[in-house]
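Have a look at the structure below before the remarks.
Chain nomenclature is as follows: A, B, C, D, E and F, assigned in order of appearance, with residue numbering initiated at 1 for each chain independently.
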Amino acid sequence: MALRDTHVTMAHGGGGRAMRDLIDEVFTSVFQPPGMEDQARLMEASLQQPGARLAFTTDSFVVTPLEFPGGDIGTLAICGTVNDLAVGGARPLWLSAAFIIEEGCEIALLRRIVASMAAEAARAGIRIVTGDTKVVERGKGDGVFITTAGVGVIPPGLDLGARHIQPGDVVIVNGVLGDHGATILAARGDLALSVDLNSDCAGLGHLMQAALTAAPDLRAARDCTRGGLASALNELAAEAGVAIELDETRLPLRPEVVGLCELLGLDPLYLANEGRLVLFCPPDQAGGLVAALRSLPHGEGACIIGKTLPAPAGRVTLRTAFGGARLVDMLIGEQLPRIC
Amino acid sequence: MCLGIPGKITAITDAARLMAMADVSGVRREVNVACITGDDPSALIGQWALIHVGFAMSLIDEDEAAKTLEALRDLGEAQETLNQMAASDKALAAGVET
Amino acid sequence: MKFASEFRDPAAARALLSAIARKADEIGATRANPVHIMEICGGHTHSIFRYGLDKLIHEGVEFIHGPGCPVCVLPMARVDECVEIAETPGVIFTTFGDAMRVPGHRKSLLQAKSGGADIRMVYSPLDALELARRNPGREVVFFGLGFETTTPSTALSIQAAAREGLNNFSVFCNHITVPEPIRALLGDPDMMLDGFIGPGHVSMVIGIHPYDFIARDFGKPIVVAGFEPTDLLQSVLMVLTQVAEGRAAVENQYARVVPEHGNPVSLAAIADVYEARPSFEWRGLGEIDASGLRIRPRYAAFDAEEKFGIGYATGRRNVPEVEGCACGAVMIGKLKPTQCPQFGNGCTPEMPLGALMVSSEGACAAYWQYAGAREAMA
Amino acid sequence: MALRDTHVTMAHGGGGRAMRDLIDEVFTSVFQPPGMEDQARLMEASLQQPGARLAFTTDSFVVTPLEFPGGDIGTLAICGTVNDLAVGGARPLWLSAAFIIEEGCEIALLRRIVASMAAEAARAGIRIVTGDTKVVERGKGDGVFITTAGVGVIPPGLDLGARHIQPGDVVIVNGVLGDHGATILAARGDLALSVDLNSDCAGLGHLMQAALTAAPDLRAARDCTRGGLASALNELAAEAGVAIELDETRLPLRPEVVGLCELLGLDPLYLANEGRLVLFCPPDQAGGLVAALRSLPHGEGACIIGKTLPAPAGRVTLRTAFGGARLVDMLIGEQLPRIC
Amino acid sequence: MKFASEFRDPAAARALLSAIARKADEIGATRANPVHIMEICGGHTHSIFRYGLDKLIHEGVEFIHGPGCPVCVLPMARVDECVEIAETPGVIFTTFGDAMRVPGHRKSLLQAKSGGADIRMVYSPLDALELARRNPGREVVFFGLGFETTTPSTALSIQAAAREGLNNFSVFCNHITVPEPIRALLGDPDMMLDGFIGPGHVSMVIGIHPYDFIARDFGKPIVVAGFEPTDLLQSVLMVLTQVAEGRAAVENQYARVVPEHGNPVSLAAIADVYEARPSFEWRGLGEIDASGLRIRPRYAAFDAEEKFGIGYATGRRNVPEVEGCACGAVMIGKLKPTQCPQFGNGCTPEMPLGALMVSSEGACAAYWQYAGAREAMA
Amino acid sequence: MCLGIPGKITAITDAARLMAMADVSGVRREVNVACITGDDPSALIGQWALIHVGFAMSLIDEDEAAKTLEALRDLGEAQETLNQMAASDKALAAGVET
């Protein structure tokens, strides 16, 4: 009501009434009822259990375009942090959300983004309990950047982590790879490509809960975001001191993603995902784990993609369809479309 | 060098500029078809071409493709025969009936 | 993916590998005394490593990675010129992604972009043309880079710009041609090649006959090949067969795409827009006669060399390559990438010293990325 | 060692090795040893005490210039979040730090900023336990933005907040006002003004601890950042349902700040601070509170500046030197330099 | 702060307030039947509210807030023109901060900036000049706004630009003059003013004699005043003294800054660069003869009106003001701000409807910010 | 309108362009002094001027300032006398010694 502007101006970041109106109407009205103080005050019984641990993580979200098939920056900002909590075995509890808004940003767009965040938070069963907004001059931002931090609770006795990975473990993903990266590449429009793909962006807390039940000896999980599956596996292999061998014939890829990669000379293993987990468990629990994932939303495409080997530590290879092997290194810099 | 990929021409988008829509595994991109257009651009629809940097550079010759595949199949069969022969040689050497 | 996945069939690949092994044994090729086959094209190098063919193939067949990556053979001075044009106020500099990371003496295009130059990656020169239409107040320069495969696309784009009367579009032409450096290599007395895999997509434009001299004058087999793994293996088998039979001919493995005489429209466009430079410098190979193209005077309005007074014809062609860099020797197959003293030390893909480490088609980057990097360092 | 670039390129944000090198060398090397996972796992005995509460807050920091007399964006990012925790009575424990870096940003600058953060965190006795970096294209950021989130623990029984403010309470600040805002305005350079001022940027956890001891009935505290003292008081008065009356003759202002405001037609009550608290306590504890603050760094200039009145609720006024009164409203939009 | 804080002395202010009270009683001024004194200048309005003088002064003295805020009297059409110039590609539009929030019909400059126009706040026209020197490829336009106090600064800046031969600097001149609207006000039969507080900084440039007509022709006292609280109170006392004594004269309370005949350098610069427009539109007052300035033809190269074909002389001067807005009546003292039906409803400083709510010198904003806002709304 | 503030000229920074440094309570800004410069710009150093939008518009006349302050002081004293008189009137009326 007080907010009659259609676009954000520097006034909305000045710390005064215009900012208050923007926050009240666009932000706190959709998020959890704000406390009177600039800090949330919280407690959860599970956090006070002996042996429980607090998990804490943060990510900034920057994406062009801000809205894309399958989601928007708001969905990403919730899912990304929820997933970073979940893959460590934590039950996500509370999120903070800080917005850096570029002067000129459409307020209707902000409302849509915030609505996405509220919806995604509800799906994930978490609360956004504190936040912030800043406005930067035009040309010093990119519409809106969102930084979320998340707090969760790891139950007593649970300890997931790369260092628990053993040689012989099975490597599992929850679905097709690279949809998010391919969707964003096409949605950006500067390559003039169109493709019927949606981002895989999703909160995966429910999959992690199911995985912990189905595979009691689950070693570790990681969400494969920037840098794709390849970068996540390289980090895990290095941390775990094992080798990882992927089986090319098992990698789940949509034909459109393969097509886009062939056209631009990209490797789908390096495309970003925003709703993909890679999980490690002992071979005897792998079948149950895959089955459990497949029974849940965002887990329908779960499958085994490889295994770990004792050595050489830190090395990730791909066994090709006719028995060749190649190194799957970390992404070097950005993936640039390759033409010649 | 010279990354190229087969795509199917699905529509003529601008006959004057010789632009057409190509489809590569569901990825669509407008490409220039000057190099493969004869008298009638619309004849291209449904054909496959090699796409490079936004240009359809060459029509794909389906007969030639089939011939190459056939050669591979023949080789595979020959190989199979050779393998069986090798196996029977080994078996013979080991004194076992094949 | 039609016309692609069929040629990735594992059973066919296994059959080919067995046939190659038999043929190699027949010739008497061994690890110590291998048949040297140069895949001229970087795309082939890429496929070899991507599918692990170097490890699967009979040890008597050794791939020599040729000079067929246009990014890799680009001298540093050309990159410096690109940066200079890109940093000119008002310019939108457009390029294929491949060229972004190539180091110049001062900086790469990626670094120039981070310093504020308006450099944009495009998928096609058509996209640069479109940028020019949409930004009438800016000069849009396209970095024309590549062999005969790519040359028609910039030629057709310049023709289109001329038809439309666009006055803010130009091409910084550094196109080069394949046959001339092969002739130069074959003239090198150190060279011990037994045969060639020819670049299929170049022949799609120029046909197979420009390679006749290889068989006729130098007595070496050459098979023009596609890029899928069975294409490559089949071509190797065809080369070995010629060797075994003591023949030397130009053969076409890739007939589904490569017409014997190439593509007449492409050839006409090239001939209309471009002419050969008297000579052009190749990284690692030095000056090679008539191996580079320039824009004909009739299209001078679209020639960035003319518009900016920067480029090959402007006299600043002598910038020394980095010291200790073995790119030249690797390029002609005299050294393996891992034999370069810089490999993995001064030179890695994150901070490449030589261009062979930059392009994913470069032999060093391919080694690093797909195969030998960690072994080399271990 | 692996990081040979002098400026950030898009490659440093790609999720691959260049990013890993940047993070390893510039970020995690100075912060607390990173866990192997992308989440910190933490616990503190005080958090598991019955009745203890967790405090959680976040802020994004955007400032031009990034370095200014008295601090840099890194100092701000630590102090701002530490202070937001402290003013609620929480003992700050852990911080997250997420960086959005503009392509072209000098890596040496990043190192200096990160060093400031490490130093400031050490001073505040907190740990930076998790983080993130993103790189945005040139012209889509402004050097670097930092978002910190903070977790602290509020001891059992402690409940500071605006709603505890009573009519008759005394209003206290810990020092001169507006130094930060004036310093930044001059440092920006576009007004071609120079002045020997330093930002007041400081972590104030120690002052809050002292205040809680000296004034057991401390009602509430707030840090006066964007929008200045005036905006903070307006929010507090509205939340508390009291009026606040300031005494103009008691407002602590440096002559340089007054001069800058006179020159540009600004009001120092609206200038930003980054190390200034406003505290509310009963009159009988005010003397002790001021004395306690004055004995500590960043509290030397503490003084009483006004009092609360029963009505009208939400209204802040300033009594002038000769008895006039004027309303001190919230800042409207940005403060724009006024000339005519 | 020398020459400022001395004039904020509470004891002196109290003595002045007592003396004013005695003088008001002497005249017989009461709340019901007050002496009406117009402070012409928005700066004085600002001081009155900032120091709470309206509440402290004897109830028989009523301040009428005059039209002396250049931002407040600017018609919407002028803002629209500013936006149009600012949105022209290549332009850097520079302005004092005051003008940023004034609503035009489409948008304010602040909104235009958020939409991508390159609009920069400056402290001085010298800063705009410096921007022009540093950005030779851009046209830097300065929004010349203000009364005689400010006019010399833009005149001297234009002279400097001419001397340097800068060809990318221009001023969008909307300078106006004080005496003419006062003459217009005094001619209004509804007007019941008993005396004036004259704008001290205007007289610093033009001296005190341009106001002679007020005393001579209309028989009203006027005291040219400084801006500190005791300056204002002393001036009120001087006006009341004239009223009590039945005199009408032009007096100078601000002699430390205001020379009787003004500043000759400033006057010469104004005369060199500017000439009177036949007439100029004032918000709330309508067209007033010879009340606005334009750039003389000899400086046409620095005249944004000429360069852009946009502005007062270009024929687009009739944009209706917002409906229900009482700015005009408030400006001439007929209504108090709180009597405007929009005050606090349609019109607040965050989203001002009228210009009086925008500038902190505007009567409505001053009321809102320093005094009556919440009472009015309660 | 016309925000102006006294500042002290501390240095001539560019005699040709008539630019000088002004100090306002420790805030320094280069200002144009064309309006207040006589034959010798350096004579301005140490003088006070009224600063407006980057221009020194008028020299401040210290004598006139002193005169105004004196008038205020006189008025204050007169007021004090009046107050005392009023107080003694009241006291008298109340029958109490002053």
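Heads up, the rule we're going with is that a contact is a pair of C-beta atoms (placed from the backbone, for glycine too) under 8 Å apart; a residue touches a chain by one contact, two chains touch by 3 or more.
Just so we're on the same page, UniProt names per chain: A, D = Hydrogenase expression/formation protein HypE; B, F = Hydrogenase maturation factor HypC; C, E = Hydrogenase maturation factor.
Bear in mind the structure is a predicted one, so any value in this text is a computation, not a measurement.
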- Query: If you take the chains that touch chain A and keep only those that also touch chain B, what is left?
  - Reply: C
- Separation of chain A from chain F in touching-chain steps, minimised, is 2
- Task: Answer with same or different: of all residue numbers used at the interface between chain A and chain D, are over half used by both copies?
- Result: same
- Query: Between which chains do we find the greatest number of C-beta pairs in contact?
  - Reply: A-D
- Message: Averaging over Cα atoms per chain, report the distance between chain E and chain F in Å.
- Response: 22
- Message: Quick check: how many Å separate the C-alpha centres of chain C and chain E?
- Response: 71
- Message: Between chain C and chain D, what distance separates the C-alpha centroids? Give it in angstrom.
- Response: 56
- Query: Whole-Å distance, chain D centre to chain E centre, using C-alpha means?
  - Reply: 38
- Note on the structure: Expected list for chain F, residues touching two or more other chains, is 1-3, 5, 24-25, 29, 52-53
- Message: Which positions in chain A are in touch with at least two other chains?
- Response: 9-11, 17-18, 191-193, 255, 258-259, 262-263, 265, 329, 332-333, 338-340
- Query: On chain C, where are the residues touching two or more other chains?
  - Reply: 1, 4, 14, 42, 69-70, 96, 101, 110, 123-124, 127, 146-147, 149-150, 350, 361
- Query: Which bits of chain D are touching chain F when the two form their complex?
  - Reply: 186, 191-196, 255-256, 258-260, 262-263, 265, 338-340
- Footprint of chain C on chain A - complex, ascending: 190-193, 255, 258-259, 262-265, 312, 315, 320-327, 329, 332-333, 336-340
- Note on the structure: chain D contacts chain A in the complex at 9-20, 36-43, 47-48, 50, 52-62, 84-85, 87-88, 90, 94, 96-100, 129-134, 136-137, 139-142, 145, 147, 149, 151-152, 154, 160-163, 222, 225-228, 231, 235, 239, 270, 272, 329-335
- chain B touches which residues of chain C in the complex? 1-4, 6-7, 9, 11-12, 14-16, 18-19, 41-43, 68-70, 96, 123-127, 146-147, 149-150, 152-153, 156, 160, 199, 201-202, 204-205, 227, 230-231, 234, 253, 255-259, 263, 265-266, 269, 361
- Going by the contact rule at the top, pick out the chain A residues touching chain E in the complex. 2, 4-5, 7-11, 17-18, 21, 103-104, 138
